[in-house]
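The following pair of complexes shares a single chain, chain A, combined with chain B in the former and chain C in the latter.
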Partner chain A sequence: MAVEARPAGGRPVHRTGLRRRLGLHTLSAREALFGYSIVGVVYLFFLIFVFGPMFLAFGVSLTWWDALSPISQAEFIGLENYRYIFFDERFRLSLLHDAEYTVKAYVGQIGLGLLLALLINNLRRWQTVARIITFSPVVLPLVATAILFVILMNPTWGLFNVILRALGLPPSTWLQDPTTAMNSVVLMVIWKYVGYYIVLFLAALQTVPQEYYDAAHIDGAGPWQTFWHITWPLIRPAFLFISIINIIANAQVFTPIFVMTGGGPARATEVVVVLTYNTAFTNFQYSRANAMAVVLFFIILALTLLQLRIMRRGGVESY
Partner chain B sequence: MGLRDRPTVSATAVTRPRVAVRWGQVALEAGALVFLVVSATVMFTPLLWMVVSAFKAEWEVTAIPPVWLPSQWKVENFVHVLNASPIGVGYKNSLIIATIVTIIQVFTSALAGYAFAKLRFPGRNILFVGVLSTMMLPGFLIQIPLYVLMVNIGWMNTYQAMIVPFLFTPFGIFMMRQFMLNIPSDYIDAARIDGAGEIKIIYSVIFPLIREAAAALAIFVFIAHWNELFWALLMLRQRHMFTLPLALFVIQGDYGTFYHLVLAGATLAIIPPLIVYALFQEHIVRGITLTGLKG
Partner chain C sequence: MEVRRLSRRRLLAGLGATAVAVLAACAPSPAPTPAPAEQPKPGATPTPAPAPEVKPLLATPTPVPTLAPVPYKGGTKLLLRVHWSGVYFNDFQKIINEYNSTQGEKDKIYVELQRFVAGQAGPIATFIADFQAGTQEDIYHLNDAYFADLASRGFFRPPPPEIQSYIKENWLETAVRAGIWEGKIMGYPTENQTMAVFINKKMAQEVGLDPEKSPPRTWEEQREWAKKLTKIEGGKKLRAGFVWHDANGERQFVQRVVMHWLNGEDFVDTSVTPPKVNIATDIGRMITEYWYKLAEDGSLSADLGQAPQVWGNRLGAINWHESFAVYFVLVTQGQPGILEEQHTLVPFSADGSKRGSNTRNYHFLVSAKTKYPDECWKFLRWLNDGPEFRMQKFQTDVFGFVPSVKGYKLPDFFPAQMKEAYKKALENTTPMPVVRGLAQLYNILRDNQDALVLKKVKPAEAVQKMDQEFKQALKEAYSS
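Right, the complex of A and B next:
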C-alpha cells in the first residue's frame, strides 16, 4: 500500500508524503473520528439488542423464573435447568425431530437444488425463464404458503390426494399421521426454497470457465466424469458455504412446523424451537426455555465449526 | 469405415452431419421445454389453485369430486376477509412496519457499511469481525430474552417493538460493506481534498454509487419483515396490532372450515411480494449472489 499513485513523470508518490503535503493528517483524524462515532452507535445498538439479550439468556437459564413475576423473584438454581432437559425425554425427542427435519430438508434443498442448477446451467436458452419459475415460491410469505399446503394436504378432499388418486396412486395421510407429518412439512419447504439454492448454485456454476467443459468434451469425457473432475472441484467452496447456511437455517426451523402441525400429531414434529416457544409461553417455564435455546445454539455453533474445519482440511481458504 | 467407402458415402456425408446436429438441437430444445413445463406446473399449480379457490363458495373448496372453477366468482370473499377479520388490520400494520424497517435499515446499513469499508481508523477490521460474529447468533436465542426487555419497557403491542430491534442488522452491514469495497477510494479522497464534509461525501459520492445494492437489500428486508412471524407472536397480543402473518395464522384457527376465506386471506398476502418480485427479480438474484457467494 506504500505506492498508491504513479503520476506521468514516473516517480512513485508515497501516500504518507502526499497526505502530509495536502494537509491530510488532520483530515484523517477527522475521518477516524467519524468512523468511530458510526461504529460506536452500531456497537451500542448491538449491546442493547444482541449481546445484552444473549447474556440475559445465559443468566436466566441458571434460574427458575416464569417471566410473569418481576425478575427480582428469579431464583438462582445453577445448572438445574440443564440437568432437567438433559434427562427430559421430550427435549431429547425434539432434538431428534430437529435432526430429522434438518437432514431431510438438506437433502431435498441442496440435492435437488444442485441437480436442477446443473440442468438449468446446460440449457442454451430459457435459463432466465427457468430461474424465474423456480425462484418464485421463495418470495411468497411463509405463513401463507404453509396454510395453503395444509389445505392442499387435506386427506379427504385436498388437491394432492385428488392428484394421487387420478394417477392411480394410493392417497397419503399427509399431516394427519405421525409417520407422514414430518415428510409433508419437509415437502413444503423443499418446494418453497429449492429455487433459492438453484440461484446460489447457478452463480457458482457460472464461475466455471466454458473452456474447461470444451476441453473435457474434446477429450471424450462423459457428463459424470465432467462433473466430478471439473465442476465439483471448482464449486466445492461455494457448495460448503451453501451447506452451512442451509443447516444453520433449518436447525432453527419454527414457522413451517408451528403453522402446519403445531408440533403434532402426537408431538411427532415437535422441533427444538417449537418446544422452546411452548415451554416459555404456554407452560411459562421461561428460564427452562432459555436453557433449551442455549443448548440449541451450541449445537448449531458446533456444526458450523465442524464444517469450517472440514473446509480448511479441503484446502479452502477463501471463506 | 474403410477407405474404400469414402467415394460412395461422400454425397450423403456432406448433409448427414448437418441433419444430425439439427436433430440433436431439436431433442435438446424439446427436453428443455419439457423441463420448463414440468417445473412451471409443479411451482404454479398450488398458487393457481389457491387464487381460483379464493373465489369459490364454501362447499366448492371441499367438494368431492373436486369443483375446479367456482360457479360464481365471489369477490365478496375478499371484502369479507378485509373487513371482518384481522387480515385488513394486519395488512396495514405489516405495510407500516415493513416499510419503516426497510427505509431505516437500508440507511443504517449503508452508513455502517461505509464506515467498515471506506473509513480508515485503527481497529476497523477487528470491530467488523465483531459485528459479523453476531450473524452466527440465531434469532430465537436473542428474541426470547429480548421479550423480557420489551415487556419491562412497556413496548408490548407497539410498532416500536417491531421496528427498533431491527434498526441495525449484521446482514445489512455486511452486504453494504462488501459492495462498497468495490468503490475506488480515490473518489472519496478527491471529494475530501475538495473540502467536502463526511456527511456530504456520503450523500453526494456514496449513495449514488450503491443504488443497486441498496435496492437488493431493501427487497430482502421488506420481504423478511412482511413474512416475520416469531417475533410478532411474542410481541403482539392485541388484534388491532396484528401483522399479516399473525393475522393469517389466527384466522386459520378462527375460520376453521371456511377454507375459501382462509385462501382469500392467503391470496391477499402473496400479492405485495409477488409484485416486488416481478418488478425487481434481477436485483433479487444479484443481491443473493452478492451476499451468498462473495464471503
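Right, the complex of A and C next:
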C-alpha cells in the first residue's frame, strides 16, 4: 500500500516511488537494508577500533617514531624495524618464551579441562556443585589472582612452600628463580582458566547422544574404547575450536607475566607482549614495538589458519 | 492469543535510546561534587570545606572516602595529578583546599587535584596519551626515570628566572641538578630518596656483633657481617645477611650510583654524548664481583623474595635503602618498631675512606602545553616556598622522606641516631644522572644483576653483557 506524506505546501511524495528509485521496493531488499544497517554498526565499530589501529600499527612499524613527538615527525624507514627484530636475540628469546608458555598453558588448560570435564560429565550427583567450584576462579579478576599467587608463591612464608614442607617435599623458589618462574606463572593460569575450558568441553560432551554410550556398553566396550571411538570423534570439532581460542589467547599473554614477574627474573619470562610493552613505553621505540606486535599478529594468524586447515581436513567445516 | 511484535521503528528508537544511555555512561565523569557548604557571609573569611576526620597513618590500609575539594568559585583552573591514594591523597587535598580557599581566591586560581590513574601500560603511557591528546595536566608530578626523555621532547616549560634562582638558593645542589635541562632548572625537587645503610641491631646482637660500637667500615667487613648474619637451618635460609633489591631496577641503579661515586667515579659519565655507563671500569667490575661474592657466600636475599617483603618480615639484616621505604612501606603497613631496631650508617666506600650518599627526587614541572604557565608557577611557589615549605613538610611528616630543602628538619619520628646519620649523609651527596633512556638502563641493570646474584652468569659475562646493552640503549636514546 502506498503511503503518502504531504510536506507543508509541497506535493505529496509517494514513498513507493522513492523506494523504487532506491531499489527498495521489495520486502527482501528492505529487510536486507535493515539487516545491513544493524550489522553495519558492529562493522563500523570494528573498523574504527580494531582494524583502524591494526592498519595504523602496521604503518607506524614502517617508521621511526617515539610516540612522544607528533606523529607527523615519524620518519619512514621501510622494513628497518623488522630487520632489527629479526636479528635481535632478545626478541627471538621472547618468542621462545611465548612458545613455552603457550604450549605449557595449552597442555594444562586443555588437557586438564578435558579430563575434568569427562569426570564431571560422568557424575551422577553434585555435577552443578563441581561446575561452580571449577568455574569460580574464572570470574575472579586476573590481576587480583596474579597478586594472590605471588603471595602464595613467596619462597619463605608462602602457603605453597608451607604445604610442600608439611608433605616432606623440598620447597620451591617459584617466581624467584629463572628455572621455575615460567612454570609458576603457567600454574596460576591453569588454575584460573581451567574452569572455562571445562564448561566448553562439558557443552560438547553433552551433545553426544546417550544411545551411543548405551550401545557401546551393550557391546562390551570399556571406558577407553568408549572415549576413543564415540566421545572423541563427536567432540573433535569442539576440541579444535577450543584449541584455537586457547592458543590465540595464550600467545598474547601479558597481564599474568607483567604482574607476577615483570618478565624476570633475568628475562626468563619475557614474552613478546611484555617485550613489546617495554620497547614502547620504557625505551620509547614505539615503532619498533609496533613491528613486534605485527610479527606476533602474523604468527598467531598463521597458527589459526593452520588449525582451520586441519579442521577442514577432518571434516569439521561447521566450526 | 495476540502476539505483539516489535516494529522496526520501535526497535531503532529503542536502540537509539540505549546508545544515548551508553554514551552518557561512558562520558567523562563530571568534577567531583563538592560537599554542600554553607554560603560564606559577605566579608567573612572563606573556610575550607568540612573534611572527614582522617588519621595520617594507618597500620592496615583501609578504604578511605576521598576528601571533598572546596567548591570552585571562579578563577583559572589548573589541573594537578598525583599518584598518592587514600589518606595520603586526602592529606594533600587538605593542602590544596587551603590554597584554594585562601591564596587561590586572591590569585584567582583554582587548583583541581586528581589522583593519577595509570592504565595497564603504566604512568608513562598515560603521560604520552594525554600529551598527544592535549588532555595533559598543567602541573606534572614526575619521577626522575622519565625526566630527560620528556624534557628533551619539550614536555616542560622552565620557570621564570627568579624562581630558578629561588630553587637554586634553597634546595640541595644535587637535588636541583637532577632537574636541570639544557642549563635551566625546570622545576621544584620533592620526595628526596637518600640512601643509608640500615643494620638490624637485634639480629646483629644475636650473632655477637654490635653495630653501635664497632660497625662495619669497609665492604670486606660488611661481607663478613653479612655472612655471620645469614641464618640457615636444615638447608633452609631463615635470614639473609644482606638485602638484595630483587627485581627492582630503580633501587639497584640508585645503589650503583652511590657505590660508584663513593669509590671515585660517576656511574654514568654525562660529559660525553651519548653518556657512558661505567660498568666495565675497574670500579664497575669490582662492584659486580662484590655482588657475586655475596651471592656465593649465600648472604644475599635474592632467593627469599623481594626486598620490602624480606625487610618487612625481618628476613634480612643489612639494607642499603632510603628512609621513605624503610619508614613508610613498613611502619605504615603494620611493622611498628622496625625503625627502632635499626642502626643507621652513612654509606661508605669499599675501603671505608669516603662516606656520603645521594639525592633522588620527583619534580613538580609545568607542562609546555599549559595555557596558564604564570598561574602554575604562582601556585607552585605558594606550595614550595619558605618559610612554610608546605610540600617539604608534607613529604617529611607523612612519608618520611629526608629533606631536599637546605636545612629543613628531618622527620620527627626518626630515632636520634638515624637523624644523626642522615644529617651527615646529606652533607655529601651525589645527584642522579640526567640521561635519556634512564628507565631502560634500570631494566638492563636489573635483568643482568638479578641473573648474576642468582648465579646464572659469572661476573665477567654479566659485565660484558651489561656494557653492550647499556651502549646500545644510550646510542638509540640519543639518536632519536
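As a working rule, the second predicted complex is superposed on the first by the 272 of 319 C-alpha atoms of A that agree within 3 Å, B and C clash if a C-alpha of one lies under 4 Å from a C-alpha of the other, contacts with A are read in each partner's own complex, and residues count from 1 in each chain.
Going forward, a residue touches a chain if its C-beta (ideal position, glycine included) is under 8 Å from a C-beta of that chain, and two chains touch if they have at least 3 such contacts.
Treat the numbers as computed from the prediction; the structure is a model and nothing was measured.
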When chain B and chain C are modelled together on chain A, clash or fit: clash
Which of chain B and chain C A:Y196 touches, first, second, both or neither: first
First (chain B), second (chain C), both or neither touched by A:I299: neither
Partner chain(s) touched by A:T156 [first = chain B, second = chain C, both, neither]: both
Partner chain(s) touched by A:L142 [first = chain B, second = chain C, both, neither]: first
Chain touching more of chain A, residue-wise (chain B, chain C): B
Chain B versus chain C as contact partner of A:S69, first or second or both or neither: second
Chain B versus chain C as contact partner of A:T282, first or second or both or neither: second
Touched partner set for A:T173, first chain B, second chain C, both or neither: second
Touched partner set for A:A266, first chain B, second chain C, both or neither: second
Which superposed partner A:A99 touches (first chain B, second chain C, both, neither): neither
Superposition clash, chain B versus chain C, among 9-17, 27-35, 45-53 or 81-89: 81-89
Chain C-contacting residues of chain A that also contact chain B: 34, 67, 154, 156-157, 254-255, 258, 277, 280-281
Residue ranges of chain A in contact with chain B within the complex: 22, 24, 27-28, 30-32, 34-36, 38-39, 42-43, 45-46, 49-54, 56-57, 60, 67, 71, 116, 119, 123-126, 129-137, 139-145, 147-152, 154, 156-157, 159, 162, 191, 195-196, 199-200, 203-204, 238, 241-242, 245, 248, 252, 254-255, 258-259, 273, 276-277, 280-281, 286, 289-290, 293-294, 296-297, 300-301, 304, 318-319
In the complex, chain A residues that touch chain C: 34, 64, 66-70, 154-157, 171, 173, 176-178, 254-255, 258, 261-262, 264-267, 277-278, 280-285
Chain A-facing residues of chain B, complex: 28-29, 32-33, 35-36, 39-40, 42-47, 49-50, 61-66, 111-112, 114-116, 119-122, 124, 127, 130-131, 134, 136-149, 151-152, 164-165, 167-168, 173, 192-193, 198, 223, 226-227, 229-230, 233-234, 244-245, 248-249, 252, 259, 262-263, 265-266, 269-270, 273-274, 276-277, 281, 284-285, 288-289, 292-293, 295
List of chain C residues in touch with chain A within their complex: 8, 120-122, 124-125, 128, 131-132, 149-150, 153, 155, 236-237, 246-247, 302-305, 309-310, 313, 315, 437, 439-440, 443, 446-448, 450-451, 454, 456, 473, 476-477, 480
